[in-house]
């Protein structure tokens, strides 16, 4: 889906985050660069531990101690969030860039009403009175399609269903109409029917406000349905990135390809065999010196350059597409199965 | 397993669940107040033959996990009969049931929680054998045999679960379930807690084991694609009821029940091209709780077909929640029936009413 | 102080049979009236430390020295002990006569005496009532036995009381002195208040009882109409302060004026050196003793008992532990008694002799338990004594019981030995009959179950004249100290400290404090 | 599966001894645990060898040298009976540790069983036990112990029994709540699914998994037991003289606090050291044994 | 909320009934004869028997129990053997002093403990955290009576700032406060140590929760995150420990009262226990236990106010 090149609103450049480990620092986010444009949905795909969540926590200065952002810049409308004084960064968070957490049950404070929690966000950034904050909260709840928001605003999180909690979280995040909304696995904990409702809601909100949307997920179907562009992460690194259509059509990284092949799909013939990715997800403390995916790779497996040299994210033959593989050209010459 | 032919069906089903219900009564509080009861499973019947895989899908709260536990009598049925290999499980004493559990085993969803963290892997796998009185001398040999079977290095038997990854732990769980060579394996979401890259390993392992041993699987999952991948037959559950059941290809290829249709439409496909052309069928709201089961057809508050039929205006209608639905939907509980004895669905109306589906407003608009 | 509770009952165990020299004391007044001046300035409070809380304040039920201290300020008797000389002198009685056969006592009451709180004038009826209720077996008085010989009480006139005894008893005047059963209560008050009277004493004394705050304090107000003159301060505050350290600091800081029942040698020493603080001391009328059960083997053998007396380093205890604040006790009579003699068998500290005696008795070491009460210093003094006994081969173990359990164990008579002190008036029968007479167990304190001095005790009771009396008691003491069923550990000494603001305070030998004579300076 | 094997190559299969040593090393890396273990080991040594370490016989009175000040001969001076205070304090370690261990052993055994059965059985058994525990917990523990010792007569056993009885409902309450968190864990159901009987599940799976938090509670209650013994001894309801305990040394020195403060002060320090040792041990065990605490340290984010 | 209140009160009633029962049988299980104690050393068998009959001690245990319950319902908890006063009156008379101590101690404890616990949690791992936790460790490790002795030695004897006596005979509130200060500080300090430790761990737990991260991510200022959003969640365990320590300080008041020669329930109970004054011990135990249960019920209600989930449960 080609769109006129929109204005970049969030630009992450060379972001690197480490945690101290027993044998030196462990790199959790490894030189990650990503761009999000206004009105665009960027999907970040990866398994648990691939660093996708930590990338955005790093960008927002939310890395838990003792982790540290050691390099990179995060430009939001031109200002580098990593170099802002703390109070300015705080003012940006929630107002210009907001995040929706994965688990709606734990992400809501159990002892405050939904209205209080949305109001708290409003009042942290504006000079709204208590009553007008409440009014705004009700409006926001209405926007995320909470039925009967006048009554529900005084409910506590445990009185909400899972889908409604996720909506409430989204309401908190969009209350101040941020330029960028980061949705971190917003539907993992939800049933498939509710998942569809929430994702549709996010898509609608994006369309209405023109904000940039980052969708962190491990579900390729979700990516296919909602994303404009896609970045695949593995072991803290971006392995492949490009427009969603191109990455699905012509993947240029063995990991991406393996992901497609290892999961049963509803649209593939029922008899199709699965090709598992052998081995275990990477332990960030014990990464090989070369390509992080090399130990599990069906493609490069055992080749000397894969073992010793770390490939860079390089543009491929596909427009607006880059992959982090020494041998992407060979992959390009293979025919994509199915 | 998906590529295989249907196993020859013996006359007698291995497992037969007949009209089984489970109501979790809330019990009484200290003040003697009756807490509300939860109808987790409500008059469910199904059969499973040796070597067959029955997939059981449904959302959270549909009662599919409870049904799995009822089969092992880990949960006492409130009513109904469960017959396993000709023996009436529901009539047996607890001690006999425990003995029979050698033949019916279960693999649990959470590979992190379902293994006692204080026991070594060897001890965990040996435990069922000890409990069922296997000769002590045979146990170590059998443990390494089973570990090999599930793809674990037998030299790691002295290790503890936390030293293994999620996928390996699920292998341990499977090994433990297989230790007594059961005839039926109840698999409760065996891969949903695993990393995507690992799921295929476990699914393939399960397929291999079934091919080798001829075990029957009751495969419980919420992931429609996974269930499609592993099952011969599929049953869809909603609020304690089976709303549709049929052979895999028929159910996925031509779903009859509006809930099945909605479910399938809600699962996004991993292809942007296909996604762009797909119509989206709204499901209204969220699943009700088992304490307040809707009257009539329990799916009616969320049903698009009911709204379509009502909109066509040929049947008496009533207002329900935020929509107008046929009166029959709100008043009468549909029976599970169908054109063939294989493919059954519990709906008052047929799929022929779904033609004007595009006229419905999108799901996201109303919650 | 807390230490004495369980012996309070014995204060009144006076089986005085001989006549004390009270006959001529009728008209003597204890105080020089010229010294009585009006209290200087209103609102003066004298604050006294007490070591323990009070309980029942009804004279017929009273026990425990704190209660006696309170009641001593509230009540009067017909007679009283002079605080400094221990002589029996008239109190409410103006005079008295004794019939020639020594059985009929006639008292003339002092006129114009009124009970506190408008309970009317004191009459002979009140006196008769006071004695009658002690004698009434249904009254449950602890002191019925005290007035055992009293067969008739009469009040022929409002100011005349006639008491008739079944036979002459020389100690009868002691029974009537201002102590427990001797205190005169208001008939009207007792009858009106019923049960409440237990904690609302109405007497004729220099102070009226105002208020008791549990565990905290007792307040008494000056009785301005007291027949010997109003007290020189307005209020007496008895504060309950258990810890001596706290009490000493409070005294130094001027938070209390009188530290009564001072025990700790270190505290005595410290306060003695402190400026503006005066420490008074006086020999008490009692010794602290180890009572051996003579009915069990091998304690039934006098040789063994003597050996034990020799084995214990009592001098070491007095010098080392008490730092010389106690005196040596050679018998249970201290030097404050008129009948005191030091011509008794003595048991110096001599482990070798102890061993020899044990050998002579054919006893080679035995197990032996000392029961004591969990109150300082009685739970401590046994420690070095047990060590001493171990040194001669007697395996002594210590059993400390708290008050209730201790009383019970002692009453059961099953204890092998126990620590007992008989706190009481300067009446030789108080310790002697109590500890050595057959009739004193059970019930009683002769837990030695000693019967060897019955004849001598009877003789002493019947003795006439001071010389006879002294000789008779000497004979008793020599006999019991030869048999040693009771080993006196030390002769108690009483200490009391007060600030220099307090003047005119007289310390008694009774372990109570009587503040009436005192005044507050400045 | 070859990939799994490769993962297992990451560590050499350890021998049990090596594993134990590693666990120990891991645990001792926790500073609190290391200090606590060290202090406790020291106290244990002192308790065991007190009769030989003590410079003087702790019970030997010397009435000619009472209340001697601190000197090179008597480091902490002598008491009212001329006994060496340091020797008495050293011997006092025995009683304090005895009380601590005995109380923990008794209350842990009883409390664990009661709590585990109540929590695991559920239903009316649990409800009744819970009400009883609640009632017993309402009684002030120290007062309860005091009354019990007074009734039974002061002795070491009385103190131990009284404090243990006061602690048992506490342990039972903790045990029950821990069991409640274990009961819904999948491995319990998994054990039932393989055909284990309820008793076997309780014994083999529930109790072993509930022990770590209970052990932490027990360690802390050992500390409290030492304090309780000291309190009882202070009120004169402790161990019979002449046996020294830290509590009765403080009580003996109480009235001498202004003249010979070191008698009471030093015994108090000993109590504090023992209590600190147990508390550090408890804190450390909680950090290292209790996986729930580990999860909370945020490692999950990695 | 009403249902929740009802549940709390029902639980309260069941527990109090249990306490009455346990208190009765506990006292009967203790050996010793109150009649013997009342009559002292010279009691004869006849007078003992008469008194036992008067006290109802000769009846069957069940009869005694029923009588006891019937009287207890009317507020009659028997008569103190030692003073002949109503036992309940004596307990109630000694309550104000204990409550004053407990509340002032609690005030000190909360004022010291909660802020330092929060500070330690917020500055986890810094020297401030370490310092606070070391002091707190000391606070829970020294016996409270020893702290009292040390305080008297230092503040009363050496420095002379505070009186050694924990109570004053003057009615003036300033003097009373001066006397109360030292015991309250000692009690407060040792309780503060517990509260600080618990506050720290409760806060740490809460600060690790997702919703705190969400609040930070939404740009809510740190102070507000800590003191409003997080603290409220940590409040339930903090209140729980405050409740426990309040009960604890009532029970352990014996020691403080002994050290500072203060009147109060503690010293009354000690007196009663030592004297085997059945009725008084019983009344005291009942009063204290009921007080504890009442406190717990109040706290339960408070938890419900703080945490809406508990109301629903």
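Each chain gets a letter, A, B, C, D and E, in the order it is written, and its residues are counted from 1.
As a convention for this text, a contact is a pair of C-beta atoms (placed from the backbone, for glycine too) under 8 Å apart; a residue touches a chain by one contact, two chains touch by 3 or more.
Just so we're clear, the structure is a prediction, and the values are computed from it rather than from any experiment.
Among the chains, which has its CA centre at the largest distance from chain A's?
Most distant chain from chain A: C.
Give the chain pair, either A-E or C-E, that is connected by more C-beta contacts.
Of C-E and A-E, it is C-E that has more C-beta pairs in contact.
Using mean Cα positions as chain centres, tell me which chain lies farthest from chain B.
Comparing chain centres, C lies farthest from chain B.
List the centre-to-centre spacing of chain A and chain C in whole Å, with centres computed as mean CA coordinates.
Once rounded, the distance between the two centres reads 91 Å.
Using Cα averages as centroids, what's the distance between chain C and chain D in whole Å?
48
Where in chain A do residues touch two or more of the other chains?
In chain A, the residues touching two or more other chains are 65, 278, 280, 296.
Among all residues of chain E, which ones touch two or more of the remaining chains?
Only 11, 14, 32, 152, 157, 258, 273-274, 276 qualify.
On chain D, where are the residues touching two or more other chains?
In chain D, residues 1, 4, 7, 150, 254, 257-258, 298 touch at least two other chains, as defined above.
How about chain A: which of its residues touch chain E in the complex?
Against chain E, the touching part of chain A is residues 60, 62, 65, 90-95, 98-99, 101, 103, 106-112, 120-121, 124-125, 156, 158-159, 169, 172-173.
For chain C, which residues count as touching chain E in their complex?
6, 9-10, 47, 53, 55-56, 63, 140, 142, 145, 195, 198-199, 213-217, 237, 239-243, 245-247, 249-250, 253, 255, 374, 402-405, 407-408, 410-411, 443-445
Show which residues of chain D lie in contact with chain C when the two form their complex.
59-67, 80-82, 150, 153-154, 236-237, 240-242, 252, 254-260
Where on chain E does chain C make contact in their complex?
It comes out as residues 32-33, 36-37, 39-44, 47, 51, 82-85, 90, 93-94, 97, 152, 156-157, 160, 163-165, 167-169, 257-261, 263-264, 267-268, 271, 273-276.
Quick one: in the complex, what on chain C touches chain D?
243-245, 248-249, 264, 266-267, 270, 313, 316-317, 319-321, 323, 374-376, 379-380, 382-384, 386-388, 397-402, 404-405
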